[in-house]
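In the two complexes below, subunit A is the common chain; its partner is subunit B in one and subunit C in the other.
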Partner chain A sequence: MRRGPTLFRTLVAAAALTVSVGALSPALAQQTKDGLNPTGQNPTAESVNEEFLFKQDPKITGRISIPDHKAANLIQPAGRDYRAFRESWLPWIGALAVLGIIALLGAFYLWRGRIRLEPNADSGKTILRFGGFERFTHWMTSSCFIILSLSGLNYIFGKRLLMPLIGADAFGVISQYAKYSHIYLAWPFMIGVALMLVLWIKDNIPNRIDWQWIKAGGGFLGKGHPHAERFNAGQKMVFWMVVGFGSAMSITGLMMIFPFALTDITGMQVMQVVHSLIGVAFIAGILAHIYIGTLGMEGAYDAMGSGQVDLGWAKDHHDLWVAKEQAKTRNDSRISPHQVPAE
Partner chain B sequence: MARMKFLCDADRCIECNACVTACKNEHEVPWGINRRRVVTLNDGKPGERSVSMACMHCTDAPCAAVCPVNCFYTTADAVVLHSKDICIGCGYCFYACPFGAPQYPKVGNFGSRGKMDKCTYCAGGPEPDLSTIEYEKYGSNRLAEGKLPLCAEMCSTKALLAGDGEMIAEIYKQRVIKRGYGSGAWGWKTAYRETVAI
Partner chain C sequence: MKAFIIALIVAVAIGTLAATVLNEQQRFAYQAFATSGARVSDPAGHSNLVGPKWNGVTPEPEKPSKS
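And now, the complex of A and B:
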């Protein structure tokens, strides 16, 4: 029943088409003579072109018939900008950050010298500053950090400094292992940063005492020892730098370990730029941390070495913390005489 | 020496993907890697065009610049090649490449993507020309046999042109003049900092 009208419509359409083609024929012949397209249309009028597409979007993207969705991106000139950053800016920024902090620390050492222990009534006794698990967390994270920073710097400076010395093949092999170490040691590093956050956040909340500490020059620049709890303002800054930079490095690093899982090519470029910039800043910050924890201050290294620090040093540098510890345990279980009995 | 280039005449490309298939077959390219691909722009809309794209063998190639191990080199024919022995599979060349040419045999897997693979302009790699090891790593070396890349050679509509840049630009120019239109040499401005002036 319903076929009737449909058939009728089809016949009418066919008739109309025949009539119109007939009417167009002379015009069509005319256009062909003029070198125009037989359909009477100008194919360029509507065709896409590069210039127009770039005005709409900095990337030209289309449809692709293979499963690799990244391949749908036809042209992305931003790759040139990424290259300009990585090759023209990053080596200078990186060199300035790393060499700059070394020069600053060297100048500071020449000016201030090693900050010595000042013997007082409590010198000779020790107090437990960091327990075994705290020290384990510190050294796991820091040993990973050292390898991560060296293999990371290799991505920027390796071909400029190391490759001319050892040749392309040896450098390729070393870089391959450096890449594996960078990817696999990232995991214990990320666990370490997370553990540090849990272990030490309660002692690192900024407060008024920190402001006084900073105003007094923190004992580095000024004279005397401003009050400090378990961590002074400088140590709190290191803590928050490690947590902040560590998280940023973890997020951007994970995005690169699982490339294109969550982002597109532009996102990947941004991740790499952020990862490298924070990376060199992180290295500079940690170099300062290493300096003050070893060469810069006598007595500081013991805190992460044996975990036992000189009580006199602790009372000078972390007076409020020592008072709290001693109040907590009247029998001074954390404080032990310097001479440890032979075992 | 010639300055080898690719030029895809989008007004001729019919998206048959024969260039993609020919390339995969000629070089025994592994699963998941497409050295060449065809991208359709404005799909299903008026003015739809398809462009066959692979490595454009750029002038001052960004991939070569960002490579942390300098595994890239440019031949006398201006073909951009790389050494899979030196490549560490970091993926930076893919971020820098304007044309998405570099490919990796593995995806993710803690970033160990394997050695990068890309269009060699059918010119092999650093190993001796036409050796078995060269074929296994990079595919066949048609340039050493005096032939042009297979994708362009077998293109049914001759949309994809390969050869000396000036010669293929001249061919394209004549086509545009004869037929009266052309959507341009796709990617040339980005790859070679110049386009075909008509």
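And now, the complex of A and C:
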């Protein structure tokens, strides 16, 4: 008998619930109309957006499950600036530096001509200017530098200048081998720069004589030759350029050979920008060095060719060095007549 | 001339040594970063992501015309 009232109460409760839900439905439908949040907030406006995230960090990153954390990088707007530099500014800067120095050297050659040997009483005799190990170091570094320069310029200009001439397939093969040479010959180049520093730093410390040499125009502008020790101020500039630029290229290059080892993506882009800008400046500087060591001055190439230079040339261009070497030789000959003269 | 030839030989020798050491040290991304839970594809033989005609310059998107 007790089941009757229980069933009745259940039916009444179900009916009341149904009526209440039916009555509330229009009100809920009214609140969520047009996507409005029942709380009155706009979820789109309140959500985290790109602008907000960039105020906290220059990159937007996500969460990933693979161990390559670089892959978490989603947006890095600085990459667009880097690409604009790489594709728009760098080719023009590179062309200006390389073609500019070639034009300057050409103009200088037309104006000054080749600086000739001036025969004097000492012409015909020779003196050892660079020993075998010094020449080995120079040629190892310089031959690597030439390959590094050409393969480096291919990174900038290859697809613009070379690919239209030889086709995409040949360009692809050449670029692949150029890239190998760039990465692997960087090592003997770095060793060569380090050896140069050790070999020649003692003769490349700037002093007052260099200032006098610069004030006299280095013998290029006027007549006569200003005093110079083993290296004149111009050669010292080349030495410090090679050591400074060579070190900078080595550090930035190592960062790229071992990508992301010490820097993130922004650092990698900065390294590439620095590497390319110093690279084109380095090429321009070395072109001037090659000019004066070959076409620009008669007798200069022998210093790195055979190592022996004309004594008359040496006395004209490096008089203080010759005097010191001859004094050393005289002193040595007093000690032992069998000792070879110093370099 | 002897110093020049020796310099070239030594440069190639150091470069070859560097190539050998570097190639032994590094692994491809698909080898280094694949895990039991994530597979990174071997890129060899597949088309690159930017396509064959990519020239490095991304064209600016066209602005919608005012009408």
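What we mean here is this: the second predicted complex is superposed on the first by the 281 of 343 C-alpha atoms of A that agree within 3 Å, B and C clash if a C-alpha of one lies under 4 Å from a C-alpha of the other, contacts with A are read in each partner's own complex, and residues count from 1 in each chain.
Please note the rule applied: a contact is a pair of C-beta atoms (placed from the backbone, for glycine too) under 8 Å apart; a residue touches a chain by one contact, two chains touch by 3 or more.
All figures in this text were calculated on a predicted structure; none of them were measured in a lab.
In the superposition on chain A, contact is made by A:Lys159 with both subunit B and subunit C. When the two complexes are overlaid on their common chain A, residue A:Glu118 makes contact with neither subunit B nor subunit C. Of the two partner chains placed around the shared chain by superposition, subunit C is the only one that A:Met140 touches, whereas subunit B remains out of contact. Once chain A of one complex is fitted onto chain A of the other, the partner contacts of A:Asp203 are absent, as it touches neither subunit B nor subunit C. More residues of subunit A are in touch with B than with the other of subunit B and subunit C.
Applying the stated contact rule after C-alpha superposition, one finds that A:Glu87 touches each of subunit B and subunit C. Of the two partner chains placed by superposition, only subunit C is touched by A:Ile191; subunit B is not. In the superposed pair of complexes, A:Gly132 makes contact with subunit C only, with no contact to subunit B. The contact surfaces that subunit B and subunit C form on subunit A in the two complexes overlap at residues 65-66, 68, 71, 83, 86-87, 159, 180, 183-184, 257.
Subunit C meets subunit A in the complex at residues 1-4, 6-8, 10-11, 14-19, 22, 29, 32-35, 37-38, 40, 55-58. Listing the residues of subunit A that touch subunit B in their complex gives 35-36, 42-44, 46-51, 53, 60-66, 68, 70-80, 82-83, 86-87, 154-156, 158-159, 163, 168-169, 171-172, 175-176, 178-180, 183-184, 256-261, 265, 268-269, 272.
Per the touch definition, subunit A reaches subunit C in the complex via residues 65-68, 71, 83, 86-87, 132, 135-140, 143-144, 159, 180-181, 183-188, 191, 257, 305, 307.
Against subunit A, in their complex, subunit B makes its touches with residues 10-11, 15, 17, 20, 32, 34, 37-43, 46-51, 53, 62, 65-71, 83, 85-92, 94-100, 107-108, 110-113, 180-184, 186-187, 189-190.
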